[in-house]
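Below are two complexes that have chain A in common, paired first with chain B and then with chain C.
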Partner chain A sequence: MRRSKERSRFIALCVAPAAILFFIFMVLPTVNVFRMSFFERGAYSPTETFVGLSNFKVLFQDAKFISAMQNTVLLIVTVTLVTFFFAIVFAAILTREKIRGQNFFRVIFYIPNILSVVVIAGIFSAIYKPENGMLNSILSAISGRDIMILWKDQQMVIISIIIAMVWQAIGYYMVMYMASMSAVPMDLYESASLDGAGRLAQFFQITLPLIWTNIRTTLTFFIISTINMAFLFVKAMVAKGMADVGLSFMYNQKDAGLYGYAMAAGVVIFLFSFLLSALVNKVTQRDVLEM
Partner chain B sequence: MKQKKGSAEPIFKVFIYVVLITLAVLIIVPVAWVFLASIKQNSEFYGNPWALPAGFYWQNFVDAWNAASMGSYMLNSVIVTALSLALLLVIALPAAYCLSRFQFTGRKFLNTCFMAGLFINVNYIVVPIFLMLKDGDVWLKKLLGDGVLLNNLFVLALVYASTALPFTIYLLSGYFATLPHDFEEAAYIDGAGYGSTMVRIIFPMAQPSIITIILFNFLSFWNEYIISMTLMSSATGQKTLPVGLLNLMQAQQSSAQYGILYAGLVLVMLPTLILYICVQKKLTQGMTVGGLKG
Partner chain C sequence: MKKLLSVLLASLMVLSLLAACGSGGNNGGQNAQPPSGGDTQAPDNSGGDAEPAGDVTIQVAALASGYEEAYPGMWQEVCDAFTAATGIKVDLICDKNLEDVIGPAMQGGEFPDVIHLATGREKGLTEQFIKDRNIADITDVLSMTVPGESAKVGDKIVGGFTDTSVTNPYNDGKTYLAPMFYSPCGLFYNAGLFEEKGWTVPTTWDEMWALADELPEGTSLFTYPTTGYFDAFLYALMYSVGGPDFYNKALRYEEGIWDTPEAQQCFDIIEKLASYTNPITPAQANDQDFTQNQQLVLDNKALFMPNGTWIVGEMAEAPRADGFQWGMTALPAAKSGGNGASYCWLEQAWIPAGAPNLDAAKQFVAFLYSDAACAIFAKGGAIQPVPGLTDSLEGDNKMFYSIYDNGADAAMGNFAAYDAVAGLGTVREVFLDPVNGLVNGSVTKDQWIADVKAASDQMRANIME
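What follows is the complex of A and B.
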C-alpha cells in the first residue's frame, strides 16, 4: 500500500497543471463573459457598476448590432448552403468514379485550409483590387469592356466575404466527405445499378442516407465555426466600419472601451449560436441507417 | 460501374474532369499569383495583372524582412509557436494519460469539464482574458512598478497552450484508452515507477497521435492572430507574423507598396506550405480522427 500514496501524488502532479491552466484561461473568462454582461465598465475606469439588463436593452435597440446579426445570418445561410452543396456533390463524384490523379486533387483542395485567414485576406485583396485586380481583369476580358467593380465597397463586401469563405472551406469538407463516403460498401451500388437505379437515384437513396449522421454533425460544427470564421474574415479583409458580423461588433465595442456592452453582445451571440445548432440538430434528425 | 456502357459515360467523365480542374485552378492560381507577385517590381503592378514578372526582384523580400520588420516578427512567431507547442505537450500528455488510464475521484468531473471546453471558442473569451491580464498588470504595477502580463510572448504562448488543451486532451485520451493495460503492469512488476513507465513506455507508443497533435496545433498557433492582436496590442511592442502582415496590409492601402506586401504574404505562408507538402498524407488522414467524424 506504499504505492497508493505515490500513485495519488503522481496523478495530482500530472493533472493539476492542465486543470489549473484550463480554469484560469478558459473557465474563468467564460464565467466572466456572462458576469460582465450585467456590469458597466469603461476602458479607463476599472470599477464595475451593476446595471442589470440595461446593456441588453441598449443592445437590442442598437441598429449596428442588428445589422451585424443580419449579416451573420446571411453569411451562415449562404456559406453553409454553397459549401455543403459543392462539397457533397464533388465528394460523391470523386469517390464513385475512378479519377486519375485523385490524390493530386485531394492535396490541392486542402491547401486553403492550412493558410492563415490573414494570408487569405491578402490573396483576396489581390483578387478584388478594383484596378488591375485578378477578378475585374477576367470579367473585363470576358465581357470585352472595362469593368471596375469595387468588391470591397459597402454593396459588394458581403458577397466578397462569402466567396472568400467558400474558397477557404470547400476543400476541407470535400476531403472529409470523401473519407466517409469511401466507407460505403461498393456492392450496395452494384446491386442498385443492377436494379436499374441511375447515378442520381443511387446518390439520394444510398450515399446520402448512409452518411447522413456525418453530415448532421459536420453541419452543426460548420454553423458554429462560420460564426467565428466570419469574424476572422471581416477583421482581416474589411475596412473598419464597412460591414460587421456579430463577433466583430463585439470586438469593436471592446476597442471602444465599452467592456460590459461588448460582453452583452458576446452573450447574445453565444446563445444565438447555441440555439441555432440545437435547432439544426433537431431539424436534420432522421432515422439512422446502418451500413 | 462497368456494366453500363451508355453513350453518356465519356461525356460525363470529361465533365467531371473539367469541374475538378476548374476547382483546382481556382485554388492554385491565386496562391501562385502571390508567389509571382512577390518578385515583381512596384511599377509592374500598374500593368496587366497576368503578366509574368520581368525578373527576380528579391529586394521585396529584403525590404519586407528589414524595413517592414517581418524578420523580427518571424522570430517572434517561431518563439511563440515553439514555446506553446512545448508547453502544450508537457502539460497535456501527462494529463491525458492520467485522465484516460487511472481511476481516481474527480476524474469523471474533469473529463466532462475538458469535453465542455471543446465548445468554448477563443473568440468569445479573448476580451475577458485581455481584461484579466490588464487587471493583473495594474496590480503588478502597484506591487513591482511594472506590468509584465500584456505584450509578453511567454504569456501569449501560455494562453495558446491553455486554449488548445481541451482538443489535445480529447484526442490523446482517445488514443491512450485503446492501449491494453498489460504494458504498465509488466513495467510495474519490473520495478518501474509511475513516471518512468509513462515517459518510457506509453509516450513512445503514442508517437503517431503526438505527431498529429503537433501538426494541427502548429498550424493553428502559427496562423492565429485574434489573441495575438489583442494581447500584444502595444504599438511599439513585439508582434507575431500574421499581425505584422495585417498591419502591413492596412498600411499598404495608402502607400501602395505591393511588392513588399506580397513578399510578406509569402513569408507567412511558406512555412505552412512546406510543412504541408512534407506531411500532407498525415494531415488529410488526421482530420478524420479529429473528432468530427459522425
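What follows is the complex of A and C.
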C-alpha cells in the first residue's frame, strides 16, 4: 500500500510540470477564447462590453466568414486526400521495393517539413512567378508556346496553395508510414504471393489493414494541422482578401479592432475542427488487427 | 570516453538554450510592409532595462521604414540629439514590423511613451488606438517651445498640416497625432522612356486613355504594388474630380455621396484604369511579391504606378531598362483646364494614453520639429512639414517635392474614423481591395459600388466624434 502511494506521488510530481504548463498555456487560453466571444473589445483597450450572442448572430450572416469557411473545408478535403494518397504510395514503394538510396529519398522528402512557412512562401514565389517563374518556364518549354498562368491570381490561387501545402506535408507522413510499414513481417507477403496475390492485392489486403490505426491517428492530427497551416500559407503567400480561410478571417477582425468578434470566429472554428475530427475518427473505426 | 562525449553533448545542448535567450534579433522572411516598408531587415534595437530612478527615460517606438533603410541609424541619431538637448534618456525600438514587436507588451498594458506609426497600414494598429480613444491629446504641444530653440512648435509646422483628419481624427479641433514626414504621392513613371518615345505626360484622363491606346504590345498603362497603395490614389482622384467640397463630404461618408455624378466619375475612371492595368498585377499584389509589380515600371512593362517618394530608395538596387529616369506626376485633371491633384502622405507620431512619462513624451514630440531633428531626418529622405526644408533638397527629391509648384492641388486627410462594428470591414477592405477583382474580372464595378454604399452607410452611423 505504502509503496504504491509513494509511487503515485512520484508519478504525480513528474507529470506535474507538463500538466501545469499545459493548463496555463493551452486550457486557460481556450476557456478565455470562449469567454471573450461574449464580449466586445479592442485589441489594445482594457475595457470590454458584454454583447452576449450577438457576435455569433452577425458571424453566421457575414458573407466573408462563410466564404472563408468554404475555403477551409475545400483545403482540408483536397490537401488531406492528396497528401495521404501520395504519402502512403511513396511509403509503400520505398518499403517494399528494394530501391537503392532509400535513406536518401527519406531525407529529401522530409526536408520540406522542417522549412519554415515563410521560407516555403519565398520558394514558391519564385516558382509561381508569372514571367520567368519556374513552373511557367517549364510549361512553356514543354508546350512550345508562351505560357503565362497567373498562379497567385483569383482563379488559380487555391490550387497554388494546395500544391505548396502538399509539398510541405508529404515527407512527414511518408516517413511515419514507412516506419509502421516496416513493422509488417515479410513472411506475410511471402505467403500471400505464394497464394497468388499480386502487389496491389498485397497492399490492400495486408499493408493497409495492418497500419490502419496509424493512419487513423495521423488523419486526425493532419486535419487539425491543416486548419492552422492553411492560415500560415495564405498569410505568407497570397494577397489579402483573395483566398481567406477561417483563421485569416479571424486575424483580419483583430486588425479591424474587433477582438470579441474574432474570438467568436475562433470558437466556431474550434468547434468545427473538434466535430470534424470526432466524425472522421468514428467513420474510420475498424476492428484492430493483431499480427 | 563515451561518458565524456555524452557530457560534452549534453552541455552543448544546454548552452544552445542560453544562446537563444541572448539574441533579440528579428527573424522573418521578406515581409516588407507597404507602403512605407523596405526590402531588407532593419536592426532591432530592443529597449534594455529602464534606467535607475533619478533620470527620466522614455521609450520611443519608431517604424523602420524606407527612410531608415536609406540612412540606417537615423532614429537613433534623433534620440541622441534629444538627450543632448534635454537630458532625458531614450530607449529606442526601431523595427520594420513594429506592430509585432510592441503589440504584445501593449496588450499587457505596457505602453511606450511615443509611437511613430502611421495609419493606413495593414495591421491598423494606429486606427485601433484611434477607435478606442487611447491616444493622448497633444494640442498643448503646439504651444510648447521646441527644446533647444525659441520657436513654438505650432509656428514651425507648415500651415494646414495640423488641421486635417489625419491629425485631428475626432473633428473636434483637438490634435492627437503629430504630422511627420510628409511626402507627395503621385504616379511614378520612367521619364527616360517618355523622352525616348516623344510622349508628353498626360494632364487629363482623356489624354491618359489616348496614350494607353498607343502603347506597344507588352506594355500596359498602369500597375500598382498592392491595393493598399490605392488609398493615396483614391484621395487624390476624389479631390481632383470633385474639389474640396465633395472630397470632405466623401471622407465623412455623407448620405448619397456615392450616387453623385462626381463619385460615379471616380468609379468609372478606376474601372477603366483597371482594364488598362497589367494583368499579372493581382497575382503579385501581396506582401511577398509587391516589389515585382514595382519592377514592371522599371522594365517598361507598365507606364504608371501610384507610389510615394520612398520608391526611389526601395528599388535602388533593382535592375532597370536603359536610360531609366524616375519621374513623378500628379493625378491628371478630370477635364482639361482643371488641376491635377496629389495626395500628401503624412506619417504620424503619437502618445498612447497609457504612456508612463507623458510630459517627457510631449517634449520628445516637440523636439521632432527642431532644426536638428529635421536635418537628421532629411539625410534619410524624410522631410518634416517645416517651411524652408524643401529648398535644400537635391536630385529626385527636389523634383518630387516641387509637384505642388507645378499646379497640382494638395489633398490631405483620410476617411473618418468609425467605431468598429462586427461584420463591417476596414476602409481598405471595402474601398481598395476590390480593385484586384476589377483587374482580374472577379468583381464588377456595380458590385463594388453596391458594397461601398452599404458599408458607407454603416460607417456613417458609427462615425466617431
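Here, the second predicted complex is superposed on the first by the 261 of 291 C-alpha atoms of A that agree within 3 Å, B and C clash if a C-alpha of one lies under 4 Å from a C-alpha of the other, contacts with A are read in each partner's own complex, and residues count from 1 in each chain.
FYI, contacts are C-beta pairs under 8 Å (C-beta built on N, C-alpha and C of every residue); 3 or more make two chains touch, one makes a residue touch a chain.
Not measured: the values here are computed from a predicted model.
J.: Specify the outcome, clash or fit, for chain B and chain C once both structures are aligned onto chain A.
T.: clash
J.: Determine, under the contact definition given at the top, whether A:84 touches first (chain B), second (chain C), both, or neither.
T.: neither
J.: After lining up the shared chain so the two structures overlap, which partner does A:177 touch, if you call chain B first and chain C second: first, second, both or neither?
T.: neither
J.: Considering only touches as defined above, state whether A:249 meets chain B (first), chain C (second), both or neither.
T.: Touch status of A:249: no partner.
J.: Would you sort A:10 into first (chain B), second (chain C), both or neither based on which partner it touches?
T.: After superposition on chain A, A:10 lies in contact with chain B alone.
J.: Kindly classify A:203 by the partners it touches after superposition: chain B alone (first), chain C alone (second), both, or neither?
T.: neither
J.: So, does A:218 touch the first partner chain B, the second partner chain C, both, or neither?
T.: After superposing on A, A:218 lies in contact with chain B but is clear of chain C.
J.: By the touch definition at the top of the document, which applies to A:233: first (chain B), second (chain C), both, or neither?
T.: Touch partners of A:233: none, neither chain B nor chain C.
J.: Using the superposition on chain A described above, determine whether A:38 touches chain B (first), chain C (second), both, or neither.
T.: neither
J.: Check the residue A:121 against both partner chains and state whether it touches chain B (first), chain C (second), both, or neither.
T.: both
J.: Which one hits more chain A residues, chain B or chain C?
T.: B
J.: Would you indicate which of the stretches 3-11, 21-29 or 75-83 belonging to chain B has clashing C-alpha atoms with chain C?
T.: 75-83
J.: Kindly list the residues of chain A that each of chain B and chain C touches, one partner per complex.
T.: Comparing the two interfaces on chain A, one with chain B and one with chain C, the shared residues are 46, 116, 118-119, 121-122, 125, 129, 236, 239.
J.: Can you list the chain A residues touching chain C in their complex?
T.: Per the touch definition, chain A meets chain C at residues 40, 42-46, 54-55, 58-59, 61-62, 64, 116, 118-119, 121-122, 125, 128-131, 148, 150-155, 236-242, 252-253, 255-258, 260-261, 264.
J.: Over in the complex, which chain B residues touch chain A? Could you list them?
T.: For this pair, the touching residues of chain B are 1, 3-4, 13, 16-17, 19-20, 23-24, 26-31, 33-34, 37, 45-50, 91-92, 94-95, 97-99, 102, 104, 110, 113-114, 117, 119-121, 123-125, 127-132, 135, 138, 158-159, 161-163, 165-166, 169, 193-195, 198, 219, 222-226, 242-243, 245-246, 249, 253, 261-262, 264-265, 268-269, 272-273, 275-276, 280, 283-284, 287-288, 292-294.
J.: For chain A, which residues are in contact with chain B within the complex?
T.: 6-8, 10-11, 13-15, 17-19, 21-22, 24-30, 32-33, 36, 46, 90, 93-94, 96-99, 104-112, 114-119, 121-127, 129, 132-134, 137, 167, 170-172, 175-176, 179-180, 189, 193-194, 211, 213-218, 221, 224, 228, 231-232, 235-236, 239, 247, 250-251, 254, 259, 262-263, 266, 269-270
J.: Can you name the residues of chain C that touch chain A in the complex?
T.: Residue positions touching the partner: 28-31, 103, 106-107, 109, 122-125, 127-129, 131-132, 134, 226-227, 279-280, 282-289, 292, 420-426, 429, 433, 436-437, 440, 442.
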